[in-house]
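In the two complexes below, subunit A is the common chain; its partner is subunit B in one and subunit C in the other.
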Partner chain A sequence: MPGLFLLVAATGLGASIAFGPRCARLWLGLTLVGTAAALTAALGVLTGTPEWTWRSGFLVGGEALYFRLDGLSAWFLVLVSVVGGLGAVYSREYWSDAHNPASAPRGRAWWSALVLSMGLVLLCSNGLHFLIAWEIFALAAYFLITLDRAQRAVRTAGWVYLAASHAGTVCLFAFFGLLAAHTGGWELGPLRDPGELKPLFWLALAGFGVKAGLFPLHIWLPSAHANAPSHVSAIMSGVAIKMGIYGIIRFSGWLPVPATAGWVVMGLGAVSAVLGIAFALAQNDLKRLLAYCSVENIGIILVGLGAALLGRAQGNAAWGRLALAGALLHVWNHGAFKSLLFFGAGSVVQATGTREMSRLGGLWRALPWTTALFALGVLAVCGLPPLNGFVSEWLVYLGLFDAATQRAASVWAALPAAILLAMAGAMALAGFAKAAAVVFLGAPRTQAAERAQECGGLMRSPMLVLAGGCVILGLAPMLFWPTLARAVGSWNPNWTAGAAPAPLTALSAAQIAVALLAGGAGVWLWRKVRGNGLRRALTWDCGYAGPTARMQYTSASFAGIVTGWFGWLLQPERQLRRPRGPLPAAASEFVRVPETVLERVLGPVGTCVMRVSETALRLQQGRLQAYILYVLAGLIAMGMLVLLGGQP
Partner chain B sequence: MSEYINLLIGIAMGLNLLALGSSRLPTLIMAVALQGMALGLMPLLMETEADWRLVLVALATVAGKGLLIPTLLRKAMRAAHIDREVEPFIGFVPSLLLGAGGTIAAVALARSLPLLPEHSGSLLVPGSLASVFTGFVLLIGRAKAISQVCGYLILENGIYLFGLLLIHYTPLMVEAGILLDVTVGVFIIGIIVDRIQRAFDSLDTRKLTALRE
Partner chain C sequence: MSLRLILDLIARLALWLLLAPLLPGIINKVKAWVAGRRGPPVLQLYYDLARLWQKHAVLSTLASPGFVIGPAVAWVALAGAALLMPLGPAGSALSFRGDMLLLIYLLALARFCTAWAAMETGSAFEGMGAAREVSFAVLAEATLITALLALCVQTESTSLVTMLAPAAGAGAVLLAAGLFTVLLAENCRVPFDDPNTHLELTMIHEAMVLDHSGPPLAVILHGAALKLLLFSLFLTEAVLPLGQLSTLAATGALVGGVLAVTVGVGLVESLLARLAFRRVPLLLTTAFLLCLFALLMAWKGGAE
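Right after this comes the complex of A and B.
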């Protein structure tokens, strides 16, 4: 049965690539049909249909096609199809033919190609075809990021993405090639025995880690997410980086892993969580802030996966199962609320024409829907009850706490990881308080912010669906436990059976109680305010006679203290012109946080390599005599080698 | 027989030094021609019973390397109105020193090579290595296309000398084929030199660097 739906999905998406550039309505219809069919197939596998495999005699690149849809790939396919469909709806208004006549048609085709290729990555069970799908996926994402390629920043972001992506793909080529050499075939599947395959896990971690945006490998992520159109940012951040996570989870489940893998993955996760959110706090660009927050959330997922690896290594402990369930649930949750937030940011960008938070402000009046939905996404991303972010982070915490109470070495991984995660959570709260307050509250800082207009229904409805998903996943996590258990079971068959853990049952009740309490308090507050009468005044008066909107806190000043703690890492660049004399003229302060890893580490290394290459280029003179000299020198050197090396 | 062969090779090695030290193109061409003739006679001395085909190939070599190729080169030189100066990158005295050093090194190297006993006394291997080295020095150290052709010919002579080690095993057709190749090569270079001269008003290879990318 899933096979039929997947066939419909592939046909629909394939046709929508063909029709996308010409007929926008047909494209939307076909994309929605395709993603809905894929969603049905994935949900079918998750809710009880047996794992679907299909082997064909048809050869591609000398290898027979082999597709497999098990619990784990179905779990990710749900995310791909939901965000793929909703983003298509959103883009009809956000990136319409009327506003972008040149890029909108090709944007539609690439969108379908991206969704289709991500689906293929999840289905392919042959290393060669996996690599082909992975490469199409990377290219489609590149063309979507650079839709607006007239801008220099967009082109630069595209190049950085493409280079980083291919650096990761090189690792994957090595990984799959060595795997095929060891096992004698390209077909993938569970493989437990050979211990000599263990070191290959590091290659997979590096290759998939680039796509996932682990901390030191995240260099492409902020600029690509910030400069892409918002619906593309949403699918990149919500879904595409999860393909990296899928790869790491998939191959740590199928292949044996080194003993230290759990420790390393957990450590990388904790570092990504804390440093990602530290960078997010320091950003002044709304979408860049959201992008760095994705690094943090990838960190949370990896901490959960690391705990699961440790748990599996220590005799399939139950806490490992909890942590993996948390990590997988966070994949869905982050996909939902981060897409919601990027859709909201897209609405802000469309209304005001800027992503610079210090040029916005007071948008809640003009954009009530966007404000409300963005606020809901903020509550979810901060991991506050009663929304979905809390559920998955709670599961990860539970796993870590249970691990910490064991008398085993894993205490020393679980305890620091839990502390760092809590720290990251607190900083996320600060960062999103800043984003929401500076963008939506206060008074408009510029004319553009004053004249903003609310987005239309095609942009609002995807946001509403995602917000609904956040609420349902938050209030009724019990509903999703069976599907989650199936995904966990396909990673480690020992963890298949078992009812929902007790804390989750308790959590559902608590979440509903919190929701009811919050709702009641909201109603009470609203009544009280209405009863006392509304008085509208400037938000930031501060006792001045003639206050202006520019007296408000800017985003940099809001986060000044916390970014100060991380000054050693962020290395902010400051340009300060102090006011001088009794009647000071113009004064200014400009703060910019560089991309530390890219500009301070990779930049100098790249310059060094270029310098060495330029020195080597001097050898190429164009003079025949010089080239003959090189040949002679090479001959003599080889002769010497033979003479000296040949004699015993 | 062996002393005659060594004498001829000694003459060839002396001509190497002459080629390195001469500052005028006609002298250089003459040195190459004489070397070619001396080497062309060698198969006759090495083979005890003179086959008519062997005589034919030897005569063809002498005629080709000693008469035909130098004539072609002189013709190209005259047609292209080339100055008779050689224009070295590496000066004549350093070239000579390099050539002498190379000859000594070749003798030393030949001693350390695992040769057949019948070849160990002869100058064949050192002479061939020294000629190859001289050819390289000329190719690297001279600016004019014609003098580079001369360097190439001396290099080829060195390879030919080395090939004589295998005279009992190599079919003469191969030797004849190589000779034909070299002659045709020089013939074509003579034409190209003329064309370069007409197109660029110069034969200085230092100026032919625009297409290096």
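Right after this comes the complex of A and C.
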């Protein structure tokens, strides 16, 4: 049965690639049909249909196609199809033919190609076809990121993405090639016995880690996500980086892993979480902030996965199962709230034409829907109850705390990870309090912010759907537990059984109570204030007569305290013009936080490589005499080598 | 949900709501006593709250409804966190594995809503206060989680009722010192913040609520009192072995402990000056290290 739906999905998406450039309405219809069919198939597998496999009778590239939809791939397929469908609706208004006549048609085709190729990545159970799908996915993402290629920043971001992505793909080529050489075939599946395959895990971690954006392999992520059109940022940040996570989870489930894998994954996760959010906090560009926050969330997912690897290594401990469930649930949760936030950011960009937070402010009056939905997304991304982010972080924490209380050997990973997660959580709160407040609250800082217009229904409805998802996943997590248990079970068959853990039900009750009471109290206090009598006046601000919008706290000053602690890493560039004289004419301070790994580490290394290559280039000046000399010198050198004791 | 549980919750809530505003009164009395003044009545906050609740409110022209809804949600979050807290011999009404994490994150929700409401006005002072609040909370939250980990490892359990029943073991003094520092920071008391200063530039919490008036301000003040009581209770229960005492003795120890903590806050406030802001992270890091050592001692104690 899933096969039929997947066939419909593939046909729909394939046709939408063909029709995309010509007919936008038909494209939207076909894409929605395709993603809905894929969603049905995935939900079917997650709710009880047995795992689906299909092997073709014909060969593609010398290998028979082998598709498999099990709990784990279905879990990710749900995310791909939901965001794929919603983003298509959003893009009809956000990146319409009227505004972008040149790029909108090809954007539609590449969108369908991206969704289709991510679906294929999830389904392919043959290394060769997996790589082909992976490459199509990488290229489709590149063309989507560079839709607005007239801008230099967009082209640069696209190139960095393409280069980083292919560096990762090289690792994956090596991974799948070595795997095929050891097992004698390209087909993939659970392999337990051969211990000599263990080191291959590091190749997979590096290859998929680039795509997932874990620190310090995240270099491509901030600029690509910030410069892409917002619907593309949403699917890149919400879904595409999860393909990297899928790869790591998939192959750590199928292949034997080294004993240290859990420690390394957990360490990388904790570092990504803290440093990712430190970078996010320092950003003044709304979409860059969101992009760095993805690095943090990938870190949280990896901490959960690391704990699961440790738990599995230590006799399938129950806490490992909790942590993996938390990690997988966070994949969905992050997909939902990050797409919501990027859609909200897109609405801000469309309304004001800028992503610079220092040029925004006071947008709540003009964009009430966007403000409310963005605020909900912010509560979710900070992991605050009663929304979904808290549930998955809670599961990961509980796994770590259980590991600590049971005094398992992995306690030395669990304790620091829990403390670092707490720090990352508090920093996320600081970062998003800043982002939401500077963009939406206070007074408009520029005319553009003053003249903003709310987005239309096609952009608002996908946001509403995602916000609804955040609320349902937060209030009723036990509804999703059976599907989650199935995904966990297909990673480690020993963790299949079991009803929802009792604390999850209690947590859900508490979440519902908090949601109801918070809503009720808000309404009640508002009515009380209205009833008592309410007067509007200028912000008091301790007695200013005429406060201006420029006197408001800015995003850089809000983040100043914490970014000061991370100055060693962030290395902010400052341009300060101090006020001079008794009546200063102008003063300014400009702060930019570079992408440290890219600009301070990889940049100089790249420059060095280029210098060395340029020096080597001098040898090649096109004169025949010189080349004859090189050949002669080479022959003499080889002859010396042989004469002086080289064995023939 | 049974009727009994609902009645239990309502009784607890009433107890919390009624008793919480007593603590700031006691602190002020202690401060007045040390300074040789008579000071305001112990029940002053009750009068203030009643008065504010009746007043009309002045809202900034820039403020959205979130300016009023924020304090309400923050208050609900704090009351919810209070209900999760076991009350010594009475135990907890709602207890499950991992409830301490919900408590921490409810405190975070309250912090977010207060900061949000502060930013509504577009005032630089309030932005400054909010920035300080959320930044120092990074260290405070790490310290709290470390303290919780220490208690979890000590008692080998992950729910507040069982974590807080026995004594904190060998690391009790370290834990008490660390938690007391966090209490001062999270409740914006001296040496982190001065609730009585008249210079907005040096404030944290008070700077955030400069523009609030009327019922929202009453809700904020009551929420702050709830938070103070919550932290004093947590500190007392974490350190004292209430679970091993008889009901009467445990109740006495609980009340005595909370009073001692409150008087301690008053004394600290009378005898110390506010720290320079750049020293605040240093003090909080010290608190974190104290809790970390408590965690290591708990680990070592169990291993033997």
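Quick notes on this structure:
Here, the second predicted complex is superposed on the first by the 633 of 648 C-alpha atoms of A that agree within 3 Å, B and C clash if a C-alpha of one lies under 4 Å from a C-alpha of the other, contacts with A are read in each partner's own complex, and residues count from 1 in each chain.
One rule holds in what follows: a residue touches a chain if its C-beta (ideal position, glycine included) is under 8 Å from a C-beta of that chain, and two chains touch if they have at least 3 such contacts.
Only a predicted model underlies this, so the values are computations on that prediction, with no experimental measurement involved.
In the superposed model, A:Ala418 lies in contact with subunit C only, and not with subunit B.
Contacts of A:Leu629 after superposition on the shared chain: subunit B is touched, whereas subunit C is not. Contacts of A:Leu205 after superposition on the shared chain: neither subunit B nor subunit C is touched. By the touch criterion defined above, A:Leu643 lies against subunit B but remains apart from subunit C after alignment on the C-alpha atoms of chain A.
When the shared chain is aligned, subunit C comes close enough to touch A:Cys382, but subunit B does not. Note on subunit A: of its two partners subunit C and subunit B, the one contacting more of its residues is C. Of the two partner chains, subunit B is the only one that A:Gln621 touches; subunit C does not reach it. Interface residues of subunit B, counted against subunit A in their complex, comprise 89, 112, 136, 139-143, 148, 205-206, 208-212. Subunit A contributes residues 620-626, 628-629, 632, 643 to its touches with subunit B in the complex. Across the complex, subunit C meets subunit A through its residues 1, 53-62, 64-66, 68-69, 71-73, 75-77, 79-80, 84, 94, 96-99, 101-102, 104-106, 108-109, 111-112, 115-116, 119-128, 130-132, 134-142, 144-146, 149, 152-153, 156-158, 200, 210-211, 214-216, 219, 281, 295, 299, 302-303. The touching residues of subunit A, counted against subunit C in their complex, run 361-362, 364-365, 371, 375, 379, 382-385, 390, 394, 397-398, 401-402, 404-407, 411, 415, 418-419, 422-423, 425-427, 429-430, 433-434, 436-438, 441-443, 501-503, 506-507, 509-510, 513-514, 517-518, 521-522, 524-526, 528-529, 532-542, 547, 549, 551-553, 557-562, 565.
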